[in-house]
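Below are two complexes that have chain A in common, paired first with chain B and then with chain C.
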Partner chain A sequence: MSALPHAAPAPQPTPGPKVRSGRIDLFLRFPRLRWLAERRWFQFAVVLPNLGLFLLFLSAGLFGTPVGNRNIIIVFVWILWWFLLISALVPFTSRIWCTVCPFPFFGEWAQRRALVQVRAVDPKKKKGGPGVVIGRNRYFGKNLKWPKALSNIWLQNIGFLALCTFSALFLTRPIVSVIVLGSLFVIATVLHLVYRQRTFCSYVCPVSGFLSLFSMASMTEVRPRDLDVCQTCTDKGCLAGSDKGWGCPWLIYPSKLERNNYCGLCMECVKACPHGNMTVNLRPFLSDGWLKGYDESYKAFIMLSLALAYSVIYLGPWAFLKDWANIAEKHDWAGFFTYAGALWALALVVLPGTYYLVVRLGRSLAGAPAGTTAPPTKDVFLGFAHPLVPLGLLAWVAFSFPLMLVNGSYILQVLSDPFGWGWDLFHTAHVAWTPVVPWWTPYIQVALLLTGLFFALRSGARHARRLFPGGARALRAFAPVALLLGGIVAGFFTLYVG
Partner chain B sequence: MSDKSLEAAATATTALVIAAAIGAPFWYQRRQLHEGLPPGTRVITLTAVASSGHWTEEAVNGENYWRRDFPAARPVLTLGQPTAIRIASSDVTHVFYAPALGIGPIEAYPGHVRETIVTPSKAGVFPYYCTAFCGNPHFGMRGEIAVEPAGQAAPPPAPVAPGTKDYWEAPQPPAGAPLTERGKWIFLERGCVTCHGEGGRGGVQNFNYARGAVPALAGISDRMMLYEPEDVKTVVTALAKGSLDALAGKTDIPHFEIALSQYHAIRAVIQNGSVSAKKDPTGPTPPLQMPTWAGRLSDRDIDAVIAYLLTLPPPAGA
Partner chain C sequence: MSAAPLQPPAGEDPERHGYAALVSLGCLLVFGGVGFAAGGASQPPRTRSIHVVAHQYGYEPQVIHVNRGDTVRLTFSSSDVTHGFYLEGYDLDVTIHPLLPTVDLRHPSQPGKVEQVKEVTFTASREGKFRFRCSHTCGFLHPFMLGELIVGPNRLLPASMGMLLGLVLGGLLGLAIQGRRSKA
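Coming up: the complex of A and B.
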């Protein structure tokens, strides 16, 4: 393990009040948090227990009971983890799951040949030695660049939709969950050996795709404290790495960070910045205000479609739809293909197509003052797709809430008997299945959906004012989209409240 | 701490966590299996697998449940030795019942494990059952527990009764096949054969049942006073056409009114089931009871079964 000779002392935070408006600099407010984030062992210390937990889940899936609601891999991953992820971790702490995610553990270990330390390279002696030098760090494996054509989240979009098509399988069969989670370990490891740094996380991981979208709404962000410091910085340790930290594993340029989407909160930039200029801010909900491409907008369509479809299938009264989705139990292939075809059509054609038509209608209604042209349809489409971020997120929370309230008692059961082997570790193995306040569920769902609609309308109105200056034009442009958003929420109300 | 020693500590911790995550559950399972049991107590786990139609002694887990056909358990207990029998279910709710050994009925809920300790006081071979309807293979979900004095080999298991293995997968006759063919298929596929025996010859022992064994069904033609083959044929033809009642007043079958009355009585038993009367009123409930088929078999299917039974010759000596 090499460290640069005469390494500089730990940088102190840039003085200031340099905090951006509406932000609370958590490193200034809680210096211990900064101290923790700067420790080289920090990420290792939070990933390792999670790795142990997920290996336990895999073991339970293989060797524990085949009964889904008595096996920890089903209950903890698809009920507890999913609920926490969508309802708490993403909205409040951005991609903190990526900080603790165990899937890239082995791949990153092989790539860095280090669990904790940095392999820093003396800038004067870059040539020679094992592995590949990128920036000021040394890596092992092929370290190929990911193809440019795939440098987007389309793979994640399709992967997530494909995975969710078989949700009835991995929600009920531990072995299918083992295959899904095990595949994530294997694919992550292989891609780390072939491609650079966190290529798997940035472009392939199906979970990462929706985290990237919804982290835009999150109330936490990693950002440079003072942009002037970044502009005058010649070291660029956050990107190139240093003896304190690896160059950004997510292949982004932290000092230019404007959105949460592709920041995995690994804190390497906090460690590597020679000026101590990277920090973690608390910020208002939905501070990242725009989508950058059709791939991101399609992620929003897919997430909203899935929330809608799952609400129909799993919370609705139509048992035949559950049977169609549950191909492993019912073997109704015609039904399954009908369900899968309808799901994919809704997510990839019907909802985006309807949205496109409605956006075009709004653009036409808004018109353009003499001597000007209307903004390009793509800009309007992406601008008006942004409201789907808060709406989709809150729709998912509204869908997940009753699942948690209804199935929460299974968590207590498997906590005491994770393998279904007859243990009773905490004397909760025989807690009766008890739905928690089921009578409150519709009210909670309605409140969540209305919150989502509020933020969606606010976002849409902002984009309308930006794209179509003038109150009346903005109103005409956004009105059709606002009606569609209201219609979607009304559809959810019908499902949840009746 | 130097870089190298920190890295070494991290590597060692990782190895420890991986080993603990994978190994600890098995270590704890071995430990807790005998927890609270008297020293020397054997532990046997019987897991119900509805798709295989068996209680099995093999470990049923997430990995093998979907691909294995589990064999029926035939536990061998030692006379006088306490044995903990753990009852588990890998799918739906079952009930384990071995009345001759005083075990159960024990409800086995999916994913839960229940335990009972038995100390056999008599040698022999004793049947066990599932007494909660758990799917089509339910009726064959039986087996034997052998009890032997210490040091003696257990007797070989009784052969699987012919016609009962995987009965629920019996091939369906083509549409348009004779009614008796359909009746024969239903008799197999619905598991009637598991209690009433191949060819309806009966004889399956039913513990503490007043009549000892499940009654034979072959020979119901005699019970219906249909002594001539032509009469049986006439009745089967009428059933195939849709109604035996339609024959009333139009047939020269002797005592047809008795045949008709018996037919309705048999239909009623199939539709409504019947309770097996106890031989010893203070003893355990007989494990085999005639279930109700109303709602699960159509009128036409019940007629098909009766038509099939009418074609069976009476058991020898009956």
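Coming up: the complex of A and C.
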């Protein structure tokens, strides 16, 4: 049960400046931040209060009022948390939510049998003792490897789409939110006991899937400060662990990090690196410039489709569509299956299919110079799918903004009366429902969508130049995709301001 | 897969990204301005009487079209439970009771003051799209019960479409210019 004490002094950061272009090394700029990230208690200290809050939310969902807008689980999770997550945390701080996320708390505790300490193993005495030794750390539980066929985000794609099909239930009914959030706790715990480290977060958690996609746009990253240090490092503490930190729980190789997608910002690599070479950078928006596979591109299609569908259902005036989605109350099964079928078809067939055809058209228009061949369609498809990352993110922000402006006053109400039991803890329980500048909403939404389109076009243009060298070819290849992106935004404009 | 990490093509000048952004911004402003200017002329004002039926979770009519300057006279009924009618941008909040011939009218800017009226009248003085929402908790989907008041000429839509078109054309123009410069 004992963990190795922190015997050696903390390594000093490698001398700079070898910061990548456009990056600001936050650990060099703010040494206290580095000090904080290196504390073993750091993640525990930020997860614990969050865990307490979620247990409060679950209690309110179980024992509080069934009226959604009077219950803290609905108001804090689906209005406040969602808005902060999509509008602030993801665009600015990458997957910082994963740093504070309470869902893996119990599973990781069982897996490590430690809340704060590291279970380091002397490399010469790996055999014997309880549990399983991976790298230089000892773990408990089965620690099986996740099947290779599922080592992608397809499960998260389908899981998230399935969950979102029932959004009208969990967005409005506290008990359904309890079932959803409680299930995440249970599944996370079970998977931590069976599979190694953060398998749940990497491959199963439905929230993690879209965080991975949109964190590419984020203005924060964890990266090695100096790649030369990593290349000559024989210790590989970031991967194998050490007496100061666990080997990367997300099963990635931090010193080769090039994208934010699968980094959960747990800061274990910062602690474990013997050279103090891992750091947190501030960087330009949308610095991660490419998608790696169809699973990632489908996440982009699903997110954009959901933003569009939710804008129609929840921000539109069409009551019959709300009735179709609201199956538990209206019991219109034909309507529900029509809605669900249309949503799945849009996300999995119509949008990707249209995109594929348009990409093929662009590739054909671009042609290939004599003696050469055009780049593979898959490369072109994935390159031109990357613009959907900024567009999808900003579309979600545009969708979420009015929900916050209009329903924000519920936050004050449930703060004083979290269970809807008639309490008035902070004298705000009877604050009148007051939308905040709702008439600004269309202007804000237009500005957000145009920003998303700007970054989408910039991303597409970069991929066009990369895939089709020569200005005219790049232009011909990208023009159909640019028009499609414009058409998608025009659809949002029609919904929001038309 | 396979797509190589994205690197700028050899010889590409990063400053041209700024140039392309300026081209896009210029096109956005020009086309947006054209869209706004071409967004339609005001119609002579008239009086419109509209009966609004509220139900879980919507309104009939779900979209109300009027023109700027019109006098709008609204009467209400509810086909099921008590509902609200909070009109964004017009300082109106109405509570509609299912069995009463009158509604409770509040002006959010004057808290505490409630009038019982049979009809709510206002002048559509601001153009654009304004949503009306239920302001009285009426069921599970209450926060999403809404309708739309569109006061013409709704110039934000053509202006937005113009900006969108400008951005797309500007982006493509920037790409073409960058290609020519690379060749040069």
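Convention: the second predicted complex is superposed on the first by the 491 of 498 C-alpha atoms of A that agree within 3 Å, B and C clash if a C-alpha of one lies under 4 Å from a C-alpha of the other, contacts with A are read in each partner's own complex, and residues count from 1 in each chain.
In this section, a contact is a pair of C-beta atoms (placed from the backbone, for glycine too) under 8 Å apart; a residue touches a chain by one contact, two chains touch by 3 or more.
All figures in this text were calculated on a predicted structure; none of them were measured in a lab.
Colleague: Could you say whether A:Pro174 touches chain B, chain C, both of them, or neither, answering first, second, both or neither?
Modeller: first
Colleague: Once the two complexes are aligned on chain A, which partner has more residues of chain A within touching range, chain B or chain C?
Modeller: C
Colleague: A:Phe419 in the overlay: touching chain B, chain C, both, or neither? Say first, second, both or neither.
Modeller: Once the two structures are laid over each other on A, A:Phe419 reaches chain B alone.
Colleague: Let me test your reading of the model: by the given contact rule, A:Arg70 touches which partner, first (chain B), second (chain C), both or neither?
Modeller: After superposition on chain A, A:Arg70 lies in contact with both partners, chain B and chain C.
Colleague: In the superposed arrangement, which partner chain does A:Gln117 touch: chain B (first), chain C (second), both, or neither?
Modeller: Only chain B; A:Gln117 stays clear of chain C.
Colleague: Once the shared chain is lined up, is A:Gly341 touching chain B (first), chain C (second), both, or neither of them?
Modeller: In the superposed model, A:Gly341 contacts neither chain B nor chain C.
Colleague: Quick check on the superposed pair: does A:Gly353 touch chain B, chain C, both, or neither? Answer first, second, both or neither.
Modeller: Neither: A:Gly353 stays clear of chain B and chain C.
Colleague: Just chain B (first), just chain C (second), both, or neither: which does A:Asp379 touch?
Modeller: In the superposition, A:Asp379 touches chain C alone.
Colleague: Identify the residues of chain A that lie in both the chain B contact region and the chain C contact region.
Modeller: 67, 69-70, 173
Colleague: Please output the residues of chain A touching chain C within their complex, sorted ascending.
Modeller: Those residues of chain A that touch chain C are 67-70, 168, 172-173, 258, 289-294, 313-315, 317-320, 322-323, 326, 328-329, 376, 378-379, 382-383, 403, 406-407, 432-435, 438-439, 441-443, 446, 450, 453-454, 457-458, 460-466, 469-472, 474-475, 478-479, 482-483, 485-486, 489-490, 493-494, 496-498.
Colleague: For the complex, which residues does chain B have touching chain A?
Modeller: The touching residues are 3-4, 6-7, 10-11, 13-14, 17-18, 20-22, 25-26, 28-29, 32, 59-63, 65-66, 86, 88-91, 110-113, 115.
Colleague: For chain C, which residues count as touching chain A in their complex?
Modeller: Within the complex, chain C contacts chain A at residues 1-9, 12, 17, 20-21, 24, 28, 55, 57-59, 62-63, 86, 88-89, 108, 111, 126, 128-131, 133, 135, 137, 139-148, 154, 156-157, 160-161, 163-165, 167-168, 171-172, 174-180, 182-183.
Colleague: Going by the contact rule set out above, which residues of chain A touch chain B in the complex?
Modeller: It is residues 1, 3, 40-41, 44, 48-49, 51-53, 55-56, 59-67, 69-71, 73, 114-117, 173-175, 178, 418-423, 429-430 of chain A that touch chain B.
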